[in-house]
């Protein structure tokens, strides 16, 4: 079942088409990967889908409802969560508080109760704390819960963002290079984490440069080059698609894909 | 009819001053991304320095040059002592720094000069010129043509000179500019210096008509902001048009509504622009990069 | 310990300690000013420290509270109700003006509040029939002494205002700390660090900013009402630009992230002019230098800097 439908999405910056008529769908329980060389427009595509940029053309649909042009916080309420390529954590908060901000939508609290510190407000905070601890545990960060986010490593912060996105209770999760800055062991953990998230029935959309990871966990791959979609299919189809190999993978990437295959 | 013409004349005169302030403000914003709340102080420094030098018997044109130099030096010091040490600071810190600098300069002027209101005679005498039933002070022509000359000079400087292109390159991408060998630090110094010089010059030209005192800087800055926002943040043409419009609106408010509330006109404009068209007349809609 | 309870205990102890050591009415009056400023600056902490927004016109809201308390009683409104109406009016104005502006970058709020503050000051100075104009006006109405007489305590006026303003400052601080540790408080602090991430988590950034702006305006207005009552006399300068700058400087100096920063900033910049007679002559230069130097040398302010120092020493 398709959760997220992108149709003919496009935007130009100063006359240059950064994303040009891209169409794809992401299904529940699947991992859909967006790959392509640097500057292909992958992160711009994410910013369009999540409402940070307003698209010039095209439509975005969530569960069959048109949500084109909606601001990010309404898309989040429609069930979309994301992480950021260049990290958007809250450095002055602890890791736990970072994740607790992700509970904003499920917290039932009003401003007055918050100001007065009423039991209802404290109960919501306690519930959020539990949910956040659970998400941290899943991301393998439970030991760092009380540490300020500014003390975490790059790879840990990437996973912190995933945990924060997870507690929103989203159905669609956009991950922008979650394995960047991770060593081999950590990459494996991220791999398991993403796999588990998809197993729960969420639609995962992934931007990633680590081809082994992409080939291993994707159900479906969309290849971008210069803002356009040049190919789409299952990992084995993409791996053997001559256009993709020519335009993107090149000799080095092909060898890497080969290695992942073996 | 002649009454309206009279209001238009005085509107264009003060509008030209606001345009000059807005231009200086745009220059610093484009080069560094800093919104300089101390911009109005340059105007006061120019006016007060000239007033004191003239009172001491220094010839008018020498006094004018010295006043512009004084403003320029303060502009460079502002950048070196307050802005550069805090570079890469979050936006809110930069706002606090330039506001702090503006208050500091206000206090310094109160010390160096005094708390009185000052003016001096216009450069070409005080005899009003008459045309079509309205009168215009010769100094108004100095202000209008002076501001226009500044605009033309800056346009030429930014597009035709090596230094100007350096500023523009630094503005669009500091790292890339540095990589191709542009001295970005120098470009920043230059943009603060130029912007302060323009402000001080506006002060020197306007003081015979508008008078000046140590504490009017913030109000002038607010008018400059209104002009900038009306014209569109970052656009030099917008600064010019916005400045003239604010001057006209203010003068018509004073003439037809209430002279008590002429200063309120600028604030109402800010609010209307923010409600209706935040990008101003000539500005582009900004897309933040994530 | 619960942070709100800790704040309550520390601040309440300070209020009591002041009363124990003050030798004369003069000290009580300065103490009253400190608490009024602490309350107003706590509002700035919510706006600047939690969300990261600067207002350069908060004196305008302060003045709305003060003048409502001064003007309305002559139309038959009791002082307490007048103060409440003033606070509500300031909050309403902040909500109306804030919403469209807060969709835009932080610079716009600074500029718009600068203008709004000047407009309010202008009205107060020019509409002499209502406000007494630049000379100011006398405030008739409630005296805190009567409040204490009800429970059989016979305090001097200065003492009774000290206790009342101290109570408001403590309550204001507790509310702000509660907010900081609550769901909405986390949303505000998230916006402080990243607008984009906050909105991706479903936080309506413009609405949350507007809430913080409104809350901080109410704080300023309540502080203004207290000043009007405790002083018995007000002038348009309570709504002047320099008063706005003073509030921001107090928050910046003490440390805008916490209510303790508000207290320390308010204490230093309220007490300094009393001790340092030349302060008045150099007021502008001192405030300006404090703002610039704090931002360059210890961006988070005095309280966090001292806490860091203490931690390092212990290690």
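We call the chains A, B and C, going by the order they appear; numbering starts again at 1 in every chain.
Criterion: a residue touches a chain if its C-beta (ideal position, glycine included) is under 8 Å from a C-beta of that chain, and two chains touch if they have at least 3 such contacts.
Values in this document were obtained by computation on a predicted structure and should not be read as measured data.
Comparing the CA-atom centres of all chains against that of subunit C, the greatest distance is found for A. The most central chain, judged by the distance from its Cα centroid to the centroid of all protein Cα atoms shown, is C.
Each chain gets a centre from the mean of its Cα atoms; for subunit B and subunit C, those two points are 32 Å apart. Between the Cα centres of subunit A and subunit B there is a gap of 46 Å.
Chain geometry summary: the mean Cα position of subunit A and that of subunit C are 42 Å apart. Across the assembly, subunit B contributes 288, 290 as residues in contact with two or more other chains. Contacts with at least two other chains are made by residues 196 of subunit C.
Among the residues of subunit A, those touching two or more other chains are numbered 52, 84, 88. On subunit C, the positions that touch subunit A within their shared complex are 4, 174-175, 178-179, 181-187, 189-190, 192-194, 196-205, 211, 215, 257.
Residues 50, 52, 71-73, 76-77, 81-82, 84, 88-93, 97, 100-105, 107, 109, 111, 113-117, 121, 124-125, 128, 164-165, 168 of subunit A are the ones touching subunit C in the complex.
Of all residues in subunit B, those touching subunit C in their complex are 35, 37, 82, 85-86, 89-93, 95-97, 99-108, 110-111, 218-219, 222, 225-226, 229, 260-261, 263-264, 266-267, 270-271, 274-275, 278, 286, 288, 290.
The part of subunit C that touches subunit B in the complex is made up of residues 48, 52-54, 56, 97, 100-101, 103-108, 110-112, 114-116, 118-119, 122, 126, 196, 241-242, 245, 248-249, 252, 282-292, 295-296, 299.
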